[in-house]
Amino acid sequence: MSINDFLAILPVLVVLVTGVLVMVADVFLPEGRKGIAALLSGLGLAAGLGAALAAVPSTGTAFAGMVVADGFSLFLDALFAAVGLVGIGLAYDYFKRMRLQRGEYYTLLLFSIGGMMLMGHANDLVMFFLALELLSIPLYILSGFFRARLASQEAALKYFLLGAFSSGFVLYGIAMVFGGTASINLEGIVAAVRDGSANLTFLLVGAALLVVGFAFKVSAVPFHAWTPDVYEGAPSPLTGFMSSATKAAGFAALIRLLLVVFPALGENLAPVVSGLAALTMIAGNLIALVQTNIKRLLAYSSIAHAGYLLIGLVAVNSSAAGDAVAAMLFYLVGYAIANLGAWSVVVAAEQAEGRGLELEDYSGLGRKYPWLGVAMLVFMLSFIGVPLTLGFWGKLYLFRVALESGLFGLAVIGIAASLVSAYYYLRVVVYMFFRDGEGVARRDVWLNLIAIGSAAAVVLMALVPGDLLQVAAQAVLRVP
Amino acid sequence: MLQEYLPLLIIFLIALLVGIIAMLLGYLFGPKRPTRRKSAPYESGMVPYGPGRRRMSVRFYLIAVLFILFDIEVIFVISWATVVRQVGVPGLIAMAIFLGLLEVAHLYAWKKGALEWE
Amino acid sequence: MPLSYYLILSAIMFLIGILGVLLRRNPLIMFMSLELMFNAANLAFVAFAAYHQALSGQLFVFFVMTVAAAEVAVGLALMVAIFRTRHTIDVDELSMLQG
Amino acid sequence: MSIGVMLVYGLLGLIVVITALGMLTSRNAVYSALFLVLNFATVAVLYMTLGAPFIALAQVSVYAGAIMVLFLFVIMLLGAEHITQRSTGRGHRVLSVLVAVALLAEAVIYILFRGAGVEMAALPSLPPDFASPAAIGQLLFSQFLLPFEITAVILLSAVIGAIYLTRRERQAAARTAAAEQPAEKPVEEPAEKTPIY
Amino acid sequence: MNLSNNPLLWVTFLPLAGALLVALLPDARRSWIRWTAMAAALATFAASLWLLAGFDPSSGQMQMVIQVPWLRVAGISIDFALGVDGITLLMVLLTAFLVPLAMLSAWSGVRERVKGFMILFLLLETGLIGVFLALDLVLFYIFWEFTLVPMYFLIGLWGYSRRIYAALKFFIFTMFGSLLMLLAIIFMGLQAGTFNYTDLLAQRELFAGAQLWLFFAFALAFAIKVPMFPLHTWLPDAHVEAPTAGSVILAGIMLKMGAYGFLRYNLPLFPEATLRAAPWLAGLAVVGILYGAATAFAQKDAKRLVAYSSVSHLGFVMLGIFALTQQSVAGGVLQMVNHGLSTGALFLVVGMLYERRHTRDMAAYGGIWKVVPVLGALMLAVVLSSAALPGTNGFVGEFTILLGSFGAPALGTPWFAGLATVGVILAAVYLLHLYERLFLGPLTHEENRQMPDLNLREVLILVPILVMVFWIGLYPQPFLDLINPSVETLLQSVLPAAVAMH
């Protein structure tokens, strides 16, 4: 154990320690001053972000092989910290408005972010499992953060039951992988596969169960049933955070795991993942068509985007694996920015007691609040993948990877799905701009900042996406 | 391996048997003349009303769950205790961090009044 | 006993756990089924640990147990909270859980 | 292997399966919990046979002891021991079960037949100090140090969650009575109105 | 390379700069907004004339090429590449010419949200010009899709009663085609390692194996845009529901994007597939000519009639392109310009009528010649040009196309041209029918008696178009001189493949 071990996961440690500090501070903070907890959390995340950006990717492992600090994990660290910062911005005014400004929210949020970061670093199946739980358990609690709002609690319970169900699959999968390779460390697993001592039957069963388990987390169809209900019931700022970050964490785990097992089991597993991708894109987009509640619509939208990302995951099983990972990272960033922005609009438009969440309530909102409206337009276009948004580059990159690895069918399905998605995303625009209505939105400085900032980022980064592409391409995984 | 625990099993079975036999004897040879009054629950001679079981207060739950969360650490403390010499100071520090985190939880519970009965 | 004895037992437990989650509507029993699934995994871990003579499998079980305790605390707390708001925890009456 | 030992193993296996099924099928949640306790205890015996006495101990004291008691406790607390089981004739539900059963059956068959040569052999006998608390401690404080600390954070969040979710803050409410008063009220309203805190 | 001296950049981004400038103006200052936007549009037109002045018409090659590496997507570079040849130049001139006129037509019609309207209009212009100038396929796709958004809003916000439906249909239809094209573009990029048009053209053998599929993917996108029968169903809705200025741009320029795409991308990049598909596409073009004409005749709504006439007219363009002779293709290009002028003018006139009576139903008019003689006279000229009367631009274009495609080897039979000729006659029938129902005969509606004639602004809109109409009609040579070298270059890259095939 040396200082290097701690440095390797410094961003994680910073975030977790801040979480504990916020908790202690919160205990002593008087009722009206909980904003300090938000501030402290923001500082901690900023420090974590800085640590992640300053860190140099290493090729070795730390903590006796438990974690790595490769470019991939540091990239995700930065992503999670940034998403967390925005998540706090979303939450601050919202909970003040809802009279639920509590320090616990920020502590748990930080713990969850720590778990997500750890997921990116994990190099041992026990770390995957613990990171999964560390990110999930706080989210279960936060989903039910409205203690007196039944919808919130029921969402939390549903999330909890299905989340634990998926953990069960992950766990059994890990047991099978352990049975097949006599190791829970990725290095050991790879070594066992290489020298032929691995029992591929167990390994296959285990890998399949792991895929199923994490498919729950990224809400791939048919393991998506929890998503719309939880997204609808949970506090909106949390949903915004969750839909951006949890997905990334789930994919981080899937990428690292599949990169390890694909060499041995590619021909068995790749078709399964392909099937998931196709189903997710089709079902997610089709069901989104009939949604009338903005939170549910965005929930299905997030399912659909998981489908596009799954294409990249299939492509990990090809010679273009490096590009596939970079494309997924790029897509995740683009999606996270647009998604957080869209949720900031939702938070701004949400009224007390959960009103203001139907599409009808958005009538005329775009004309009344042109900045908010234009921002939402940008996000919707980015979701569709119209050029001059980050979403376009993301899709371009993903489809390029798909074609490169010969996944023509999936690419065509993805194209068709994008077309379908144009319909429901544009419906939001239709309501906001083409209809008259009495919609009102909150003019909060943080929310406006997030909405406009995200929109600007989506457009400006789309003009010069080269740098982000470069960074994503350099965020390579350490292959054990 | 199993042989080592055979005595345990035998004791367990004997205990089970004794209980069953005792109940069986009572059931077979005891007098049974049930009336309505007799099979009603005993409430100090009062006429019973309402359901037999009352719900307990949530406070019990809170205390119980806190007990379990703090109880879990026993597993780790025992493992540490057996190797306390081998793992030395680094082990001590690790354990201190672990317990420190749980102490923060304790602080939270305490300050939030979760341990008060009211 | 052969490894397969334990593995089959574990698979059966896992299966029954899945069935419980999918079939039962009472969240408490769903939750117990989840615990059964966790235990099935633990049994498999311990069996494989013995088979491979690798202790890491056994250590995993301790972490699973700890995490399970944490999940139990949160899950039961959620149910208690819902019950206090609603005075029922029948899943069929939970509007959100209607699929 | 002697017939007697075979019988004992068979009995243990039978108990595991029957108690699991009992948990699944009991109408009364209390019985389900009790079946599960028995199941866990039996699994603890299996742990013993696999050379994992420490885990067996933890299983009995933590799982079967503490956690299941907590379950029973909540059942009593909520008065929800008699929850009627309704018919679940939903199509997709049945389908999902069928898929699950098929998958698992396949897995079992796979394990039974495909990998037969290896797994039908008896487990190797373990060195006597294989899973002693000391051995486990050594491993815990070397290789598994980070997971160990992470576990504390998980427990920490669970404590926060349990307290936050179940506790009404009376003192806090009293202090900011004016602010919280209107917010407390709608709690009693029907859920369709989705009261806000 | 000094970029600031390159008119390509100016002509592309002046409208964008104008849009940004307009965005900074206060909402209430409508006349400031209008004049700023108009200044930007006129400046763009001036820049396009500068482009014309610097253009060497004797060469058929790409000129004034700008090529700056923009970014690399995992090993494949995307360039910011613009260039102009004769065909492109005409399209850019047409765009820069029509936009100020369309803007002028909205001077009094658009009263609400003037700022938004002008911003969107200028953004649209940048997109349109970019589509024509782009020499990198990804860049082209970006501009191509980018035009969708402003037009979607122009229809959705300032359109008529069914505007929301029409806007959505427009967006989704166009996107349907272009997404498949995107896949094809990526595929080609992967095969050749570049998205640059010139480089791709040089290495087209690399993806020759898949060229039928690629041709299909591109053709679908362009055919929807043109639109070719049977993919035209979005067009009547979009044209009818769009505000007048929007219809002018839609018909005048956006439809040309499709035809231009065929010329620029389908023909040279996939020559063999082009030759195989030519009879089929020409067949569809002829069906479109006849179907469009017949449907136009059956319309009661004047704007809808004009919309269907576009289907018919674009059929001629497509026939000219896929007859693949020097003459027919040149005629096709010229006809693209002609259609932009004539149909644009038709939409303008119908819009002017609508502004006066707030109906597009032809039955509400009749015999208004005496009331609004100036309008009547100008509209007659427009109608005749659209009906290809000798002496107008339409005649030159359609005659060249028919002549060129009559003996075209790619089609193999003169039947295509023969049937298309019927279309010319039908066009005269439905257009004169339109004019007759609107202007001739007795004055049937009393309320039409008070109808004001054209004001100076409206005359100013129509006169420049009519000048062009007669210029091309009477002295088309300068235009053909611009077109011919480029068409020659284009066909040279297609025909060797034809030789190889036969």
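Letters A, B, C, D and E mark the chains as written, and numbering starts fresh at 1 in each.
Quick note on the criterion: contacts are C-beta pairs under 8 Å (C-beta built on N, C-alpha and C of every residue); 3 or more make two chains touch, one makes a residue touch a chain.
In this text the structure is predicted, and so the values were computed from the model without any measurement.
Trainee: So if I look at the partners of chain B and the partners of chain C, which chains show up in both lists?
Mentor: Expected: A, D.
Trainee: Can you name the chains that touch chain A as well as chain E?
Mentor: Common neighbours, chain A/chain E: none found.
Trainee: Which two chains are joined by the greatest number of C-beta pairs in contact?
Mentor: C-D
Trainee: Please identify the chain lying most centrally, where each chain is represented by the average of its Cα atoms.
Mentor: Chain nearest the overall C-alpha centroid, as shown: A.
Trainee: So what's the Cα centroid distance for chain D and chain E, whole Å?
Mentor: One centre to the other, that is 68 Å.
Trainee: On a C-alpha centroid basis, what's the spacing between chain A and chain B, in Å?
Mentor: 40
Trainee: I'd like to verify one number: the distance from the centre of chain C to the centre of chain E, where each centre is the average of its C-alpha atoms, in whole angstrom.
Mentor: Comparing mean C-alpha positions, chain E is 65 Å from chain C.
Trainee: Averaged over CA atoms, how far is the centre of chain B from the centre of chain E? Could you give it in whole Å?
Mentor: About 82 Å, centre to centre.
Trainee: Mark out which residues of chain A touch at least two other chains, giving numbers and ranges.
Mentor: Counting only residues that touch two or more other chains, chain A contributes 1, 20, 23, 126, 130, 133, 137, 140-141, 144, 147-148, 150-151.
Trainee: Please list all residues of chain C that touch 2 or more other chains.
Mentor: Correct list: 7, 14, 17-18, 31, 42, 47, 49, 51, 56, 59, 62-63, 65-67, 69-74, 76-81, 84-86, 95, 99.
Trainee: Applying that definition of touch, give me each pair of chains that meets it.
Mentor: A-B, A-C, A-D, A-E, B-C, B-D, C-D
Trainee: In their complex, what parts of chain E are in touch with chain A?
Mentor: Against chain A, the touching part of chain E is residues 70-76, 113, 138, 141-146, 148-149, 152-153, 156-157, 163-164, 167-168, 171-172, 175-176, 179-180, 182-183, 186-187, 189-190.
Trainee: Spell out the residues on chain C that touch chain B in their complex, using ranges where they run on.
Mentor: Touching chain B: residues 62, 65-66, 69-70, 72-73, 76-77, 80, 84 of chain C.
Trainee: If you look only at chain A, which of its residues touch chain B in the complex?
Mentor: So the residues of chain A in touch with chain B come to 1, 20, 23-24, 27-28.
Trainee: Along chain D, where are the residues that touch chain A in the complex?
Mentor: By the definition above, chain D touches chain A via 107, 110-111, 114-115, 118, 142-147, 150-151, 153-154, 156-158, 160-161, 164-165, 172, 175-176, 179-180, 183-184, 186-187, 191, 193-197.
Trainee: Where on chain B does chain D make contact in their complex?
Mentor: Within the complex, chain B touches chain D at residues 1-2, 5, 9, 51, 53, 55-58, 60-62, 64-69, 71-76, 78-83, 86-87, 90-91, 94, 97-98, 101-102, 104-105, 108-109, 112-114, 118.
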